[in-house]
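What follows is a group of structures, each given as structure tokens.
Both complexes shown next keep subunit A, but they swap its partner, so subunit B is in the first and subunit C is in the second.
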Partner chain A sequence: MTGLFDIYTTLFRTDLAVQFQYRAAMVIWLIGRVIEALVFLSVWTAVAESQGGQVGGFSAGDFAAYYIIMMMMGHLTFTWFMYEFEFRVRSGSFSPLLLQPLHPIHRDIAMNISYKLLTLVVMLPTMFLMVGLFDPTFNTPTWAVWAAVPVVLLAFLMRFFVEWALALVALWTTRTEAANQVYFAALLFFSGQMAPLALMPEWVQSLSALLPFRWMLAFPTELLLGRLEPEEVLQGLAAQVIWLGLAWGMMGLVWSRGVRRYSAVGS
Partner chain B sequence: MSAVPAIAVRDLSKTYEVPVREGGLAAALKSLVHRQTRQVEAVKEINFEVAPGEIVGFLGPNGAGKTTTLKMLSGLLYPSGGQCRVLGFEPFKRQRDYLRQITLVMGNRNQLIWDIPVLDSFERNRAIYRIERTAYQRTVDELTELLDLGPLLDKPVRNLSLGERMKCEVAAALLHKPQILFLDEPTIGLDVTMQRRIRSFLAEYNQRYGATVLLTSHYMADVEALCKRVVVIHHGQLLFDGQLSELVQRFSPHKTIVVELENEGSDLSVYGEVVDGVDGRVSLRVPKAETAQVTGRLLSEQAVLDLTVEDPPIEDVIEQVFAGV
Partner chain C sequence: MSYLRLLWIFLRIGVMNELAYRANFWVQLLQSLVSMGVALAGLAVIFSHTEELGGWQPAELVALLGVFFLMSGLIGALVQPSMQRFMEDVRQGTLDFTLTKPEDSQVLVSISEVRVWKFLDVVQGAALIGWALAEIGLQTGFMHAASFAITLVAGAAIVYSFWLVLATFSFWFIKAENILVIFQAVYSAGKYPVAIYPRWLKMAMTFLVPVAFAVTVPSEALLGRLSTEVFWGALVMAVVMVVGARVFWLWGVRHYSGASA
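This part shows the complex of A and B:
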């Protein structure tokens, strides 16, 4: 255990050093994320205003709060491995990872978390600035803030494992862009990014409850907006735990098969 | 050969399935419906053993199956047939205890992180290989001294020259003091001085830690300097396994007589094939069996200032080996 702690602290430290080298790229990524939130926020605020101040129970202030929280949730849970793995396999940098006495997922967890911690330094002030500018409406009870701790953590973990497992498709084919596109389109639609799920047709809402995306983004966002009852939160937590278990199992299976395939065909 | 070999390879084979497609749009469309593949036998039932502490040169032209074999031995590739054991482990299982005792250095691949100082990459390996801190520091000091890394350690990898980077790559790969070194073209692209440096370092490492080394290189100087024994493969098959000197004996039917005469410009083509003539020194290639007789004739018939009999350069011998297949 002390060995793993040492590994993580060393990886964190060196990953931070790497990310400092890419300050400009990082800022551009963050600007992209903020612009995305601003676009959705502006569109839906305009729609609300044109409809007499409300759409489906969402006021302009509700939309502002929704997209500010959604932006933070997106930031805290996102990963880039579905693009990274293709590069690793194509460039041959995956092979050395296999020959080290450490499962590559540890490196990726450390890298992802160090990136998040570093960028929060920029994202948090941005969030407060947006709160000042757009006058969002928060009706968040204190219990919901506490409940958000495990919910956000589970959202991060389940998204991490789902995307890491899907990233392993690169071990079969290095043309993964198409599969990635399908995944991200589904994520945009069913996670509540494009529009709050409450505004979506009934069938989208039913389907989104069965898919993992809602539990990654919409659920923690709605919780932090104070839109969920305690029993809904418990149901959501249960869904997250189930999806985490499924993602974990899928990841283990895909990993062992993918590596076997990779070691059969080489790189 | 020692009772327990460090590396034991029995009937080891690797067959790849590769897609076959002719050029052009029609062939591309056809391959959508009917995908054709063919089997390529990269390695065919090869056998050899390497004793602990031995340095063996693994030779063969491009595509001979050298890298495939090294990948199977290190655990990256799953063999299609036969078996290999390294330090008693089955490499493809990639058990941690196994991975902690081996290293694979590929001259054309980088493991160091591009953006951060070399020492930070070393630190990552220290943690990943769970090297105890004092032992780690001692190893870094030793490697720094042996490879003259002092001025490089705090530089970002992207600011290093190819040779400097390679020295650091080799050091990073050895921090955990592996017992088995798989080296695939470790000196590729380096200048002569740097090649020599890496070479003498590898010899020193082998002496100091008794490590077993399996090395591929296209630079025969590497092989001559480091390996008494060579294993030669071609088209995936083992052609030769023995002492380097024996390889020369077996595969070179010629010797080279280098002779310096008082009267420059004499025609020596009657004695053998003149292959070189610089500054009054003439190199003659003669059949091995006739060497003694030709030497005698030269000495009695010509005013000889100096005469030496040499084996042909190892590159020529290797060329002979592959030409004969």
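This part shows the complex of A and C:
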């Protein structure tokens, strides 16, 4: 256990140093995330205004709070491995990772977390700026803030394992682009990004309870808005744990088969 | 005349290159259909709660979406691949082969690569526009059609010049393509009418990244809601951008001394 701890400390140190080199590029990537949140926020604010200030129990201030928190949740939980694995396999940079006496997932976890720590330096001021600009209404009870700690952590872990397992598809085919697009389309509608799930059609809402996406984004966001009862939070936590277990199992299975199947491009 | 011939040759090479990878056609078709489906489903969700968005009716927004896909198809097929190739050439030093050719360097760089399958987005955009117009039952007179065509060409010229200016920066900054990420982010905001955005974002979408001229203005022309001032404004902007980008390009080429020098 201390071995793994030492490994992670070293990984964090080197990753932070590496990524600090690309700070300008990093800030530019964040602009996309902020604009995405702004687009949905503007759309729904316009809708609320055309409906006399409220739509489906959301006022303009509620939408502002919703999309500011959604932006932060998206930032904290997102991964880029579904895009990167194809490149790793195609360029051959996946092979050296296999030679190390360390499961590559540890490197990726460390890199993802250190990236987020660094970028929070930009994201937090952005968040406060948006709070100042859009006048959001928060009704967050104190217990919800504490409950958000395990909820956000679980959301991060389950999304990480789901996407890492799906990224491994690149070991079978290096044309994962279209499949990724389908995944992100589903994420858009079932996670509450396109609209709060309460505004979605009935069937999307019931389907979203069975899919993992809602538990990645909508659940922590609604919790932090103070829109959930304690029982709902417990149900959500249970769903997150179940999905984490499923994703973990799937990842292990796909990994052992994928590595056996993989035979380095160019060999 | 020789430029047209050059364009034709490069187009043919591009087609032949892509025909070698025929499966890409199906992948691109799937991707185009998914992104259209996502955009239309998004509109369906929005319009289940309201009758209009920022003064636009549902069918009008479908027309806007059509123009959006049409323009992104043109960018994706013609502009973006050539510009990315150019930036790669600057980094690797292979640009010298282009510069030593006895033709205009801007023309050569701008037509160096064509992604044929991206034209599927153009087809899809045109289909959306046709469907939306039939839905609205708008009598598109000659004037409408003409002002749509003119603003569309102006918008395309503005976007092309914008990309050329950004790409020219790579003579000095090797990592200039990161700026293109900003383009993608702001451009995707063009799926909705510019009117709904906060003032500063509206300004950014008009002058910083010209998505308003590329998508919103032609759509307004198509639906006959474009004011005369904006029409002429788009034309002036197009001329300024094309001339400005040309001057900046020539200046950049004069100061370029090769990757290894």
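Following the convention adopted for this analysis, the second predicted complex is superposed on the first by the 262 of 267 C-alpha atoms of A that agree within 3 Å, B and C clash if a C-alpha of one lies under 4 Å from a C-alpha of the other, contacts with A are read in each partner's own complex, and residues count from 1 in each chain.
FYI, a contact is a pair of C-beta atoms (placed from the backbone, for glycine too) under 8 Å apart; a residue touches a chain by one contact, two chains touch by 3 or more.
Values in this document were obtained by computation on a predicted structure and should not be read as measured data.
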(request) Scan A:17 for contacts with subunit B and subunit C and give back first, second, both or neither. (result) first
(request) Going by the touch definition up top, name the partner, subunit B or subunit C, that contacts more of subunit A. (result) C
(message) One more residue to check, A:188. First (subunit B), second (subunit C), both or neither?
(response) second
(request) Mind working out whether A:50 is in touch with subunit B, subunit C, both or neither, as first, second, both or neither? (result) second
(message) Is A:142 touching anything from subunit B or subunit C once the two structures are fitted on A? First, second, both or neither.
(response) neither
(request) Would you mind writing out the residues of subunit B in touch with subunit A in their complex? (result) 16-17, 68, 71, 74-78, 92, 94, 96, 99-100, 102-104, 109-111, 113, 115-116, 120-121, 123-124, 126-130, 156
(request) Note which residues of subunit C are touching subunit A in the complex, please. (result) 23, 27, 30-31, 34-35, 37-38, 41-42, 45-46, 48-54, 175, 178-179, 181-182, 184-186, 188-189, 191-192, 196-198, 201
(request) Show which residues of subunit A lie in contact with subunit B when the two form their complex. (result) 3, 6-7, 9-11, 13-14, 17-18, 21-22, 92-93, 95-96, 98-102, 260, 263-266
(message) Quick check: in the complex, which residue numbers of subunit A touch subunit C?
(response) 24-25, 28-29, 31-32, 35-36, 38-39, 42-43, 45-47, 50-51, 55-56, 133, 175, 177-178, 181-182, 185, 188-189, 194-195, 199-201
